[in-house]
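Below you'll find the structures, each written out as structure tokens.
Shared between the two complexes below is chain A, which has chain B as its partner in the first and chain C in the second.
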Partner chain A sequence: MSTTDVAPDAPPSAPDPWQNSRRRFGDSLFSYLSIGSGLLIFVTLAAVAIFLTSESMPAILASQEFSGTADFSLVDTTLPLVFGTVLAAAIALIIAIPIAVGIALFISHFAPRRLAAGLGYMIDLLAAVPSVVYGLWGGIWLVPKLEPLYVFLNTYLGWIPFFGGDPTAPMRNLASASVVLAVMVLPIITAVSREVFLQTPRLQEEAALALGATRWETIRTVVLPFGRGGVVAASMLGLGRALGETMAVLMILAPGATFSLHILEVGRHQSIAANIASKQAEAAGVDMSLLIFTGLVLFVLTFIINAIARWIVARSGPKA
Partner chain B sequence: MNVRKNKLVSLAALGLTAGLTLAACGGSSDNGSGDGAGSDNGGAAAAGGYAELTGNLAGSGASSTQNAQTAWTETFMGLVGAEGGDLTVTYDPTGSGTGREQFLNGEVKFAGSDAALGEEELEASTEVCNGEQAVDLPLYISPIAVVFNIEGVDSLNLTPEVIGGIFAGDITNWNDPAIAESNPDAELPDLDIVPVHRSDDSGTTENFTEYLSETAPDAWTHGPIETWPIPGGQSGDGTSGLISTVEGGNGTIGYADASQAGNLGVAAIQVGEEFVEYSADAAAKAVDVSPRAEGRAENDIVFELDRTTTEEGVYPIVLVSYLVVCGSYSDAAEGEAVKSYASYITSQEGQQLSAEMAGSAPLTQELSDEVQGVIEGISVG
Partner chain C sequence: MAAPQPINVEDLNIYYGDFLAVEGVTVQIRPRSVTALIGPSGCGKSTFLRTLNRMHEVIPGAYAEGKVEIDGQDIYDQRVDPVNVRRRVGMVFQKANPFPTMSIRDNVLAGVKLNNRRISKSAADDLAENALRGANLWNEVKDRLDKPGMGLSGGQQQRLCIARTIAVKPDVVLMDEPCSALDPISTLAIEDLIHELKEEYTIVIVTHNMQQASRVSDRTGFFNIAGTGKPGHLIEIDDTEKMFTNPENSQTEDYISGRFG
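The block that comes next holds the complex of A and B.
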């Protein structure tokens, strides 16, 4: 996944063309190296795309849609997985965005400077925890802790489709997986939002305060509108991570391939990445090819989401 | 890299085989100095004839035997290194299907598989096996335990019909009369049954459902399958995932490699008139009482597992993993390496090692001897 760090456009250092030749050799070497690094990204991406496409061809050609005879269908296999993947990521974002924005605002506008630095550091540490550790933590510690909450939601709010159904312990359901995904995407959304909030023009903030706005009104009228594009972009980055997360989902979710909205029920959903990880050990031939095809779908899905993120940032990002 | 690895292995061997300390020292100094390994190691060659083994030996296949293969390859390389040989054995747990594929392509020289080679595969094998067919040899017997987690219940007797009904979703409460019938002494609670299956494709699932479909075809109507056929329900990824799911609930029941059952209750299974609890002996016996698959060459040892046996003291829910090797190798060095390795892992010593490290049931002495005989007969060069 690419990062969309908004680097300030550094003015190109204009070297004097009549410097000695040794300096010019260094310049051209550096320029080749950086061009090479840039191209390498395209080559890598192209290699992945070519691999995914060519390896999934056997499954595509043998599928019901193309051959008309096979006993498996690309759409029937892939759509429930896409549904599960997107649903899990969406719920994770719904949980994570308000918390992340809150933390970011606290760090950028409320906390004393010392506390802010420490807190920011700790949030970044969350991103350093390996996903397999999140999986262990979620599966063994968190799932039993969430059980009373789920039972409450199911009993009293069961008329809402999301909380309906018949959940059974242990709660290895989509909701648990989404909670852990939310924790995992929290750092990236917080970090990017914080940076954007900090870039709010000082003069505008001071103007709002001078007009008699309270601190909260200042944030609502100046900081949040200014940072909206940044928060959206941060959320899209988080979404990208949540879509592709494998290990944590694999270790927490008891999977099933359906279009159920009952996120508290076990055995109803599965994500693409976790499905590949769980099936690939014993897959061969067309089965393997089919798994790679779902990988291709995920690749395209992530690509589209990154493109949307860039489009939104370009449209409503901070105008410099 | 190679040299460093050899030194490490030699060091490990130092600890392993106290009697060969001198030879091991000779081996490691030889490896350090270059390619002259084994030239002046006449004293050690008598121990296993490993001194001449060099090069790389690659295998791949069933992930069920991964733990055992790791223990085998490490220990075997240690033994070879101790005698002055220089052989690297690797096992890539790519899955049974891929393992057989790679073996038939000639990419790997031996394969592990939860299912024996089919007829077409046997014919195809002549191309990579110097004109002879490949052979399947029983390598790894793993008992599958029916584990449960019910508060206040420590032991449980289950008939195949009841197990089938539970996993098919027809028996849904622990106080069901069908369960109480075979457990007159137990106090079974009024509690929902939560059956737990493997979420990944697995030989364990295949063998478990094969057992159910043969012993209780009316209760389990889905036949032997690798991927769980019933949508929904609790599951776990891999053996450890399944165990932690069973542990995490109350009233849960699942199936897993017996070695991983841990603190969970293990059900006794009805065989004939009695209820049999899992044991390594009982599992190995299940293979012994099973007939050989028909229409195969004499040296191709494949069992038609008899799940419906009524013999006393037999535990019929087992997974048998096969070692697939060529009947003949054109390359002498390669052939000797395969023969030595295959002979080691199917020996009593190798089987005890996998019992300790992976919790498998060792092959019985007779079966082990028979397999060793076949390996002896593999022609080389």
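The block that comes next holds the complex of A and C.
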């Protein structure tokens, strides 16, 4: 086939009917609006990062690590808080993930349709309860209820480091805070997992069923492998919430600043967010700057965890 | 081994909720032969096929009434576990559906691992090879058994699904338009395979392609509906040659000669 070039014999002044001579107003308005919204994300994020960095500079400069003279150390102040934050969030996830996946599977594959809808609605409602309410509930009602369990764990499983130590009532310990955090992250993990499980291709499930798989075998061979990436992503969303959760931890946990693994002991741990909330009203000068520095650490921590989550999701996606 | 028995279907009514989709099917399906089911879209031939291994009822609200006897056992008897029915009556779907997270080898062995957990590695290897040979796929994949099944071409994927189905050694293999998503060469490969498989298995195949029905089957059944919203009926079933040359029923003749559908 030969290519035929169109000779440019038309007079240049004549409007080319194939070309768009004027910009369409709606198009350009929409494009500016959406670009603007996109940029706003970057601006906000940058503003927060710059604020945290610049405001924490006084503390960084005045610290032992930099000046060599001051009586406080950035590392000694921040690391126990990081430890407490991560430990509380991790325990919350360990409690919440199996339950959330169980509920999600029940809703997506086992429950009768009407029950599933109602249950899904109730799970969403759990997410709407403000954290201060969870704090009240946890601190006043749940903590005394958990006491016998803690005593049991401490007495019979005390050789496991986590359950060791010397727990004393009231059990305003890290374990209680984690249990409440678990309740708080449960809805988000459940909701996302449920959506992913529901998206399992029907054909895949039928393939397993037609081979003589039971319902559980179908879930194990098809639904869980398909949903794995989604469950990881959901868990990371939950982890993000657990790391930053302030009110519930503040209202339940009796604070301390150690690297103790004894989650049943009272007054051993504190989280970054709860620490900031409890101290920021009275702090000033370098103390305030130090609090902001811990905020910066939390900011970076959630960033890193999100990056890891994205990496895991990308890696564990269905292989094409 | 006892002589294989036919599948006896008696007065089978098939429902989706309140909707009667297929009415009053009574038919005997011969063992170790290929039975093709043809008919216009929506006439219930796929629905009927899916009642033969109780896959119909996995759709919410769907159920069937009547009797389907396989090997002398009514599979709709209260005491029968549908899981056990499906282990004896395998199914190949319209679109190839290998398990995406599994290798070729694991795909073939998927059903076996469900049915019989403990299997030695050498036995598993033999089984995978035999099933893949049985599906005429061995030579194409023997060097990449550990690669994902999704990496194969459409026709190869469909043969992988057939290998997966015959690896559990069913008595019956149901095929629901197995070639409708395939090119002519792949279709030919599957049709050749069907010819070989009928030595060992009872095969029921639903197809939209009448040439395919006449090429692969020994018996052909024709389903039809009187109109939208009406239930489908099995109009006629006979030897394929007779169905395509001299059918008893005028509806069959009209359909086969291309006067409608």
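One rule holds for everything that comes next: the second predicted complex is superposed on the first by the 294 of 320 C-alpha atoms of A that agree within 3 Å, B and C clash if a C-alpha of one lies under 4 Å from a C-alpha of the other, contacts with A are read in each partner's own complex, and residues count from 1 in each chain.
The criterion applied here is as follows: a residue touches a chain if its C-beta (ideal position, glycine included) is under 8 Å from a C-beta of that chain, and two chains touch if they have at least 3 such contacts.
This is a predicted model, so every value here is computed, not measured.
With both complexes brought onto chain A, simultaneous placement of chain B and chain C is permitted, the two fitting side by side without a clash. Within the superposed three-chain model, A:Ala233 lies out of touch with both chain B and chain C [touch as defined at top].
By the touch criterion defined above, A:Thr168 reaches chain B but does not reach chain C. When the two complexes are overlaid on their common chain A, residue A:Ala100 makes contact with neither chain B nor chain C. In the superposed model, more residues of chain A are touched by B than by the other of chain B and chain C. Contact with chain B, but none with chain C, is seen for A:Gly139 once the two complexes are overlaid on the shared chain. Contacts of A:Leu203 after superposition on the shared chain: chain C is touched, whereas chain B is not.
In the superposition on chain A, A:Val266 makes contact with chain B only, not with chain C. Contacts of A:Gly256 after superposition: chain B is touched, whereas chain C is not reached.
Figure legend note: chain B and chain C, brought together by superposition on chain A, show a least Cα distance of 50 Å.
Listed in rising order, the residues of chain A touching chain B in the complex are 139-140, 143-144, 168-170, 172, 250-251, 254-258, 265-268, 274, 278-285, 287-288.
Chain A makes touch with chain C in their complex at residues 113, 201, 203-214, 217, 221-222, 225-226, 318-320. Listing the residues of chain C that touch chain A in their complex gives 53, 55, 58, 60, 83-84, 86-87, 90-91, 93, 95, 97-101, 110-111, 114-115, 148, 150, 161, 164-165, 168. Those residues of chain B that touch chain A in the shared complex are 63, 93-98, 101, 192, 194, 196, 199-203, 226, 231-238, 241, 244-245, 248-250, 252.
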